[in-house]
Structure formats: C-alpha cells, structure tokens
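Below is one structure. I have some questions about it.
Lettered A, B and C in written order, each chain numbered from 1.
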Amino acid sequence: MEELSRNIVEALGLNPFWEQVFYALAIIVVAVVVFMAALTIAGLLTYLERRVAGRIQSRVGPNRVGPLGLLQWLADGLKLVMKEDLIPACADRPMFRLAPYAVVVGVFAAFVSVPFGQLLIAADLNVGIIYLLAITSLVSVGVLMSGWASNNKWSLLGGIRSAAQIVSYEVPSALSILSVVLLAGTLSMQGIIQAQGGQEYHAEFWARGGWPWNWFIFHNPFAFIAFFLYFTAAVAEGNRTPFDLPEAESELVSGYNTEYSGMRFAGFFLGEFANIYLMSAVATTLFFGGWQIPGILPEEQASSWSLQLMGLLIFVFKAAIGCFVVIWLRWTLPRLRVDQLMGLCYKYLVPFAFICLGGNAVYILLIKAGSTFDWIVHGAMTLFGFALVVYFFVRVTHHIRLVKDRVDFDILSRGTKKPFDPAVQTRRYGRHRKGARALEITGQQGKEIG
Amino acid sequence: MGALSSYFSAVGRTIATLGDGLAVTFSYLFRKPVTLQYPDRTVEPLISTLPERSRGILEIDIDVCTGCTMCAKQCPIDCIHVEVVKDPETNQRMLTRFDIDIAKCMFCGLCVESCPASGLRHSHEFEGAMSDVARLMLHFVDKPLPVAKPPKKDEPVQTKPKGSIVREMLRDPWARTRKSKPKAEECGDIG
Amino acid sequence: MIEPTDNNPQRSELVLNMGPHHPSTHGVLRFVVYTDGEIMRRAQPDIGYLHRGIEKIAENKTYPGYMPFTDRINYLEAMFCNQAYAIAIEKILGITPPERAEFLRVIACELNRIASHQVTLGCIAMDLGAFTPFVYLLREREKINDMMEALCGNRLTHNYMRIGGVSADLDDTWLGNLEGFLDHFELILEEFTSLIVYNEILVKRLADVAVICAADAVGYGLVGPNLRASGVNWDCRRDLGYSVYPQLEFDVPLGRGERGTVGDCFERFVVRVEEMKQSCRILRQCLRKLPDGEIQAKVPKMIKAPKAEVYSCVEGARGELGVYVVADGTTKPYRVKWRTGSFSAMSIVEAISRGLMIADLVAVIATLDVIAPETDR
C-alpha cells in the first residue's frame, strides 16, 4: 500500500506529504472493506446457524424473508438497530457503552490477518498468528466489562466466568498453535499455508499443493491431536456450547449480555458469530491447507486470476465446514459445569497440548521432511482420518435406519407451497389485509372451507 | 496404574458418546422436517385435519334448542346464559337469550354431554381472535323465538352442519365494534 | 451494587434471586440463593406464585363439575388428576366402573405418563444446555397429543374421565395408531439413549450430584420416580393395586447407581427413561387385554354424596398423587385436598442444595421434576 500511494503521488507530481494522506486513506478503505466483509459473514452465519439448527431439530428454520429466508439476518439486524436503546438505571454508563465496542473490535480487528486467498489478505503480518491470539483477548475484556457495568448479578457471574474461561483456554490454544508453528517454521499466516504443500520437496504432482496429505492435520499423529485440542479450546474461547457458560441460558438467564438490547446486543451477537468464522478460518489456515489447490503450487496459483478465485472458494468452503461443525456441536451437546470446564482445560487439554508440542518437535528432529517415512506417516494419517469420517457416516445411516426413517436430501427444505387462496386469507386475517386486495383483483367471492 | 487407565478411559468414553450423539443430530439433516407451516403453507386447511371429537369453539343450533337450560346448569364456570320466558299471549315458551362467553369457556365439554337435543356442540373452529373481548360473547338469539319440542328417544335430530353457525359469527375479526359501548347485561360477567 | 448480607467481610454472601421469571424454573417459581461465588450456601424455595385456589374452587362446584378443574392442577398429568378424583368420588358413592372403562383409563394414563416424562427428560437436557433432545421428545409428544385429541377432544386439559367411567370410547383405528406409535417410540427411545442419556458431559453433570439417601427420601416425603431413584421400592400401581394394574405385568425401575451413587440426579434421569419403557409394555398388554363392554357405570344425574371422607391416590408421573375428599351430604364437596409430588420434592431442595454450584441447582430442580402449578395448586 505504501508503494501504491507513493506511485500515485509521483504520478500526480504532488508534495511527498500527500503520500501519507493517500496511505491513510488506503488504510481506511481497507478497514471498511474488511469490516463490511466480516459483518456480512457474521450475518450469514446467524442465518446458517438458525437453518442448521432447524434441520437438526426436525424443523425448517427461517424461510420467509427473501429466497429461502436468506435475507432473514438483514431483517433481524434492521430490527435490532431500530430497537430502543436501554441502559439500566444504576449501570456504569460509560463502561456499559464501551463494552460492546471492545468485543467488536477484538473480533473484527483479527480479520485483518485472515488469509481469504493468496493475495486477499489485508495485512500479512510476519507475526500473524501471534497478532490473532493477542487481539482476540480483547473480547474477554469487553465481556468482563459488560458483566460488571450491567449492575446485574447474573451478568457479573457471566463476566467472571468468561474471563476465567478465556484466560485458561488461551493456554492449550496457544500451545497447539505452537505445534503448527514448529512444523511451518513461520508465524505468518500465508507462510503457514505455503508450508502445507508449497515446499521444495513438494515437486511431484501428487505431492504438490493442497492435497489432504499435505495438510498439517495429517502431518503426524501429534498434529492430528493438536487440531482437536485447538478446536476445543477455540470453541471454549468463543463462548460456544458446550462451553457457553458465560451466557448459559438456563443458569445465568443470558449471562453478561442480559441487560443489553438493540444495537449493543447486536454488537455482542455479531462478535460471537464473527468469532466462529475467525476460528474456523484459523483452523483452515493452520491445519487444512488454507487456499491451496490440490496439484498446483502457490507460485502457479499466484499467476492466474481464475486459480486465485478457486483458492478463495476453497478457503471459504473449508471455513464454512468449520462453522457448520461449531453450530452442530452447539445443537447437540449439553453444557459443562464451571469446575468441570476448568478441569477439562488443566487436566486434559494442557497436558495433551504439551505432549503434542514435544511430539511434534521430536518428529521434526528425527524425521527428515520429504523422506519416504515422512510420506508414509502422512498417508497413514490421511487414511485414518478418512476412515473416521466413513465410520461416522456408517453411524449416521445406522441412526436413520434405526427409526425406520427415510432419507430426504431436500436439505434446503422449501416447505409445502400452497397456491394463494384469497378466501382462506380473508377469513383468517380479515378483509383489509392481503386477502382483501387479492379478492378485489380476482373478483372472487370468499368461499368457505372446512 | 488404575488412575491412569481411568483417565484414558474417560477420554475414550467422552469421544465415543459425544461422537454418537453428533451422528444422531447429523442424521437429522437428511430427514424430513415435521413442521406444519401454519397457517399459510399447510397441505390442507388445518381445520379439516382435526379429529372428529376435537373440542373447538362452542355453538348451538338454536332451531333445535328445547330451552331446557341443562347446559347452563352443567357449566362449571357459568359461561352459558340461557333465558326462556313464557309468552303471555300464546302461552308458548320463548327463547329470549342464548349467549356463550367464548372468552370464559374452558372447553371441558360437560355442556355438550348434557344437551338432550344434541344442538349444542363443539365446532372445529379455533381461530377466534377478536379485536374486542366483548365480541367474544356470542349471541345466538337475535329475536325471541319459540323453543323446539324435545326429541323422542333415539330420534335423530336434523341440525345445521357443524361449525357453520359459529364461523359466520367469528367471520370478520377486524370489523369495528359498535360505536356505543356494549351494555353491561350484554357482556355478561366480563365486567 | 452487590451488598453482603451482613457487615462481616469474612462471611459475605451474594444473594441471587433465581426467579420468579427465570428460564429454568419451569413456570413461576423463585429461589433465594445465597452463594459464595459459584458455590451455593443455601437455596430457599419460595412458592405460591401460581396459586389458583383449586382446592377452594371445589367447594363451590358440583362433583362432576369439578372434574375440568383437576386438569389444571398439573398441565402435564391431567389424566392422573382426573383419575385420582374420579376414584375418590367412586369410593364415596360405592360405584365400580366397568372393566373396559378401567382399561381405557389405564391406557390414557400410561400415555400421559409417557408424555409427561418426555417433557421432563427433555427439560433436564435443555436445562443442562442441550436443546435438541427436548425438541425430539416434544415432537413425539405431539403424536400423543394428537391421539389424546382423537380420543377425548383436547390435547392438554383432557377432562376425559367421568365419575363411574370415561367420557368417550375408542375404536380399532385408534388402537392401531397406538400400536404404531409404540413401535415407533421404542425406537426413538433407543435413539434418545445414544443421543444424550450416556453422553459423558450429561453424566458428569448429573452423576453424584445432590445425592438423596433412601432415609431422606422417605423422610421428606418424596414420591414416584424421585423416591425410586433413591432405591426405595414403592409404586402405588403395584403395591396398592388400584384399577386394573394387578392384571398387568410390569417392572418398577429402581436407582442402581449406574454411573454414580444411588439417589443422585443421574439416577432420577435414568429411572424416568426406564419408566417410559415400562409404560410402553403396559400399553401393549392393554391392547391385548382390552375387553368389550360399557364405558360408563350408572350414575345418578345429580350426584349427592353421602357423608364420608376418603383418600384416594394414583401413581402419577410425579409419583403418588393423592386427593382427600370430605363429603357432607350435599351436591358439593365440603373440602378437597390434593397431595402432589412436586410439593414434597420442593421441600428437599433446600436441604440438598447446600454446597452445590449454581449450575447444579438447575439440574436438581429439573431432575426432581418440580412443576410450579402442581406445587402451588
């Protein structure tokens, strides 16, 4: 961007002072674009969540606003914006107002270093992953602030729970990320992606680019476990079921955001959903080969726009699957208790994370990257992973057959569409509604049904 | 060793049970939803799917009413108001009032069981939202009319089709109520 | 802000008002919770928000006219309240209902028991954070509601039973539907088991939490599944043998301490699952044994009960549901007193909640199956 602004200034023959101005402008534009993209993603995720939850629960989910209900999130957002802005009487007003911003900033600022594509990244920081870990910690500050400022005991409990939870789960999360950093040898997000299939020894077609056996999740057994540790810790950091104790609906009413409504609530809400995408995107980057296309080296990809687009789609698809898994977990699992949550972190996740870190280090030391044994391990892990998926689907079909249900692939479930019957509408909603107008148009008399 | 094995068996159990639970919920993505998209996307009007005995809003076919007031006596919450007076000229018992307070009715069905002429019954109508609670007081008698003769035992009574009477009364929920306030006696015990 | 209850900073407590409007108190119910951070020192139940005076209403209603009000005692087990009241009045009048009517009552009651347990189990899962099992069970309950509507006309407040019989007969189609439902539901129970019952998180949340020993359970007057989860072998259906239950074969599931201790929350959860299976078994037997005949005994049109005092009880979904009726020779009862399972379950909450965490209180209320309208009446 610096180069770009310098070129513009030189072309226009302006004072070097303007270089700084153009640079600042460019930063603002990029920031707005990233913010808008993140907002849209978060909004669409709320739609996805409701839709998936609906299907999981034998329901349909939102399907009225727009085609397939796709605009539901816009309608909801509009509703939240228009709602009355309520602040409890004895709340700590400045803190109360500030808290949602901390959450929103914490999550959305992290989008800056999310690599959507090879060239589509706002800032490829050389400490990208550390930046992500650092900036998302701002969320816990916001949550704690809102819990305190609401002057509500439930909120306070929620805020305290959240602070304890996020601080604890940073440890296994960071440790399992470190495993990947060891394997990749870099902290930069793009560098980590490139390391999964873009190294010198990835020369053959079957070894080039984003084949599953190049992904870090299938790199070795320790990395495989590290992924699950990271994912668990990330779900916990994102306050999602089974770790949604800060907003445990049945215990703390709504936890730290009990007193929030309208736009401020929307801030928390969007922050939560943007966070889901964020953790899926990070998981995709660290463990699933990011935007790499199977059989194509990053250098080839950089030269073609269509390959770039394909890379973007691959990245978004992988991240969407991650989001789906998070949503699916939420609608399946019960919630842990607060002591069990800490126990899980310190008794299980942290020791395992240390083992993974050590295991990965030993693996790198003992086995030369690109050696035959290395490839055998990759292949075996990939086969193991696919075997797990296959076994899972066997269980799924078993459950469908168990209750003698029929398989139905109408996943979008448009619902039963009936032709509009003005007579029915008139009888149900009265004459001055849609039904009456339709009657006038068709000239029909309301006929009875029954 | 026991502690270690219980540690790892807990991990294994967690993965196995959680995984199986996840398989169940995942399998529901490929099954048909059971939602009935009431009111406008049902396969057929919901009212026609109700079972025969379904207890909806009460109605009386006033032409077969014998004016025995059994229903009013049986009603545990007094939501049926029946008035029968003897016409001094013709010496005929006249039905002057038959009101059912739907806002108060608890759909227990005791009145229906007691009706000797089977003119009182539960229709299948259930969409009874009104713009004014006073309009939920259904008046079945417009002007005084003579009561019907009690039917003989096992004699079938010809009545209007079920639901046709009350549907007409609940027809237009958005219509304005009368300009003047309804009189107290018209509202019964609503208060 | 938050003030300690006394000025001694060493003993400061956080007082939380859980309810009357709280997502997991199932109706309007209030607990005053004294906590030390997340750990509760005391949880005092405060009941009465749903008091509707159902016992007093009886004094102004005729004997048959009171029947619809019994539906409203507990919206989840209307049939049992119907049955308890009907049996009480039949005892006073000395009427025996025809055998078919008794079988119809048993069929309706066992269906109602399944429906009630479905809500309970679903709510336990939901209070622990898993929303989906609740929806699955309510979906199945909807089928029971549909059958109830076809049988007696209403889905929730059935008002099915009459003094000396039942209000409506059922036909072969209905019985076919019931059989189909049972075939389906037993499979759904299996699915439910693999979905949530042995889910490690749920087990960890419930096992060894709020253990009630057998002596305490009897002492506090717990009844039904709560009592049996503590290992006390008592079931009115088997031990008092009312209605046609002596003709039917069924087991009484007891707490076995499968994953924790006998009498913990998990046992109360599992006992209910097992009870649903037993109810299915009873229903299947009823389908085979259902005799032909009348459904209503001869009862005078205007019931005038002789001077008498009776107590009758049935094994409801929340245990022994008793009604004590005092008749004074008029057409209206002199006094009706209900004895409900939720009320006694509520009394033990304060004793067992000491030292638990706030999240456990939710599990305790849910597994004790406290229903506010039944507590307050």
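The working rule: a contact is a pair of C-beta atoms (placed from the backbone, for glycine too) under 8 Å apart; a residue touches a chain by one contact, two chains touch by 3 or more.
Predicted model, so just to flag it, every value in this text is computed and none were measured.
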| item | value |
| --- | --- |
| Chains contacting each of chain B and chain C, listed by label | A |
| Chain occupying the middle, per Cα centroid | C |
| Interchain centroid distance [CA atoms averaged], chain B/chain C, Å | 27 |
| Chain centre separation (chain A, chain C; CA means) in Å | 43 |
| Between chain A and chain B, centroid-to-centroid distance (C-alpha), Å | 48 |
| Residue numbers of chain B (touch at least two other chains) | 18, 20-21, 23-25, 34 |
| For chain A, residues that touch 2 or more chains besides their own | 56-59, 331-333, 399 |
| Multi-partner residues of chain C (each touching 2 or more other chains) | 132, 139, 191, 194-196, 199, 201 |
| Contact set on chain C toward chain B in their complex | 61-62, 64-69, 71, 132, 139, 142, 146, 149-154, 157, 159, 167-168, 191, 194-196, 198-201 |
| Touch list for chain A against partner chain C, complex | 53, 56-59, 90, 151, 153-154, 156-157, 161, 241-242, 244-245, 248-253, 331-340, 399, 402-404 |
| Residues on chain C engaged by chain A in the complex (per definition of touch) | 1-2, 14, 16, 22-24, 38, 125-132, 135-136, 139, 184, 187-188, 190-191, 194-196, 199, 201-202, 204-205, 357-360, 362 |
| Chain A residues within the chain B interface of the complex | 52, 54-60, 328-329, 331-333, 348, 392, 395-400, 405-411, 413, 415-418, 420, 424-425, 427-433, 448-450 |
| Residues of chain B defined as touching chain C within the complex | 10, 13-14, 17-18, 20-21, 23-25, 34, 50-55, 74-76, 106-110, 113, 122 |
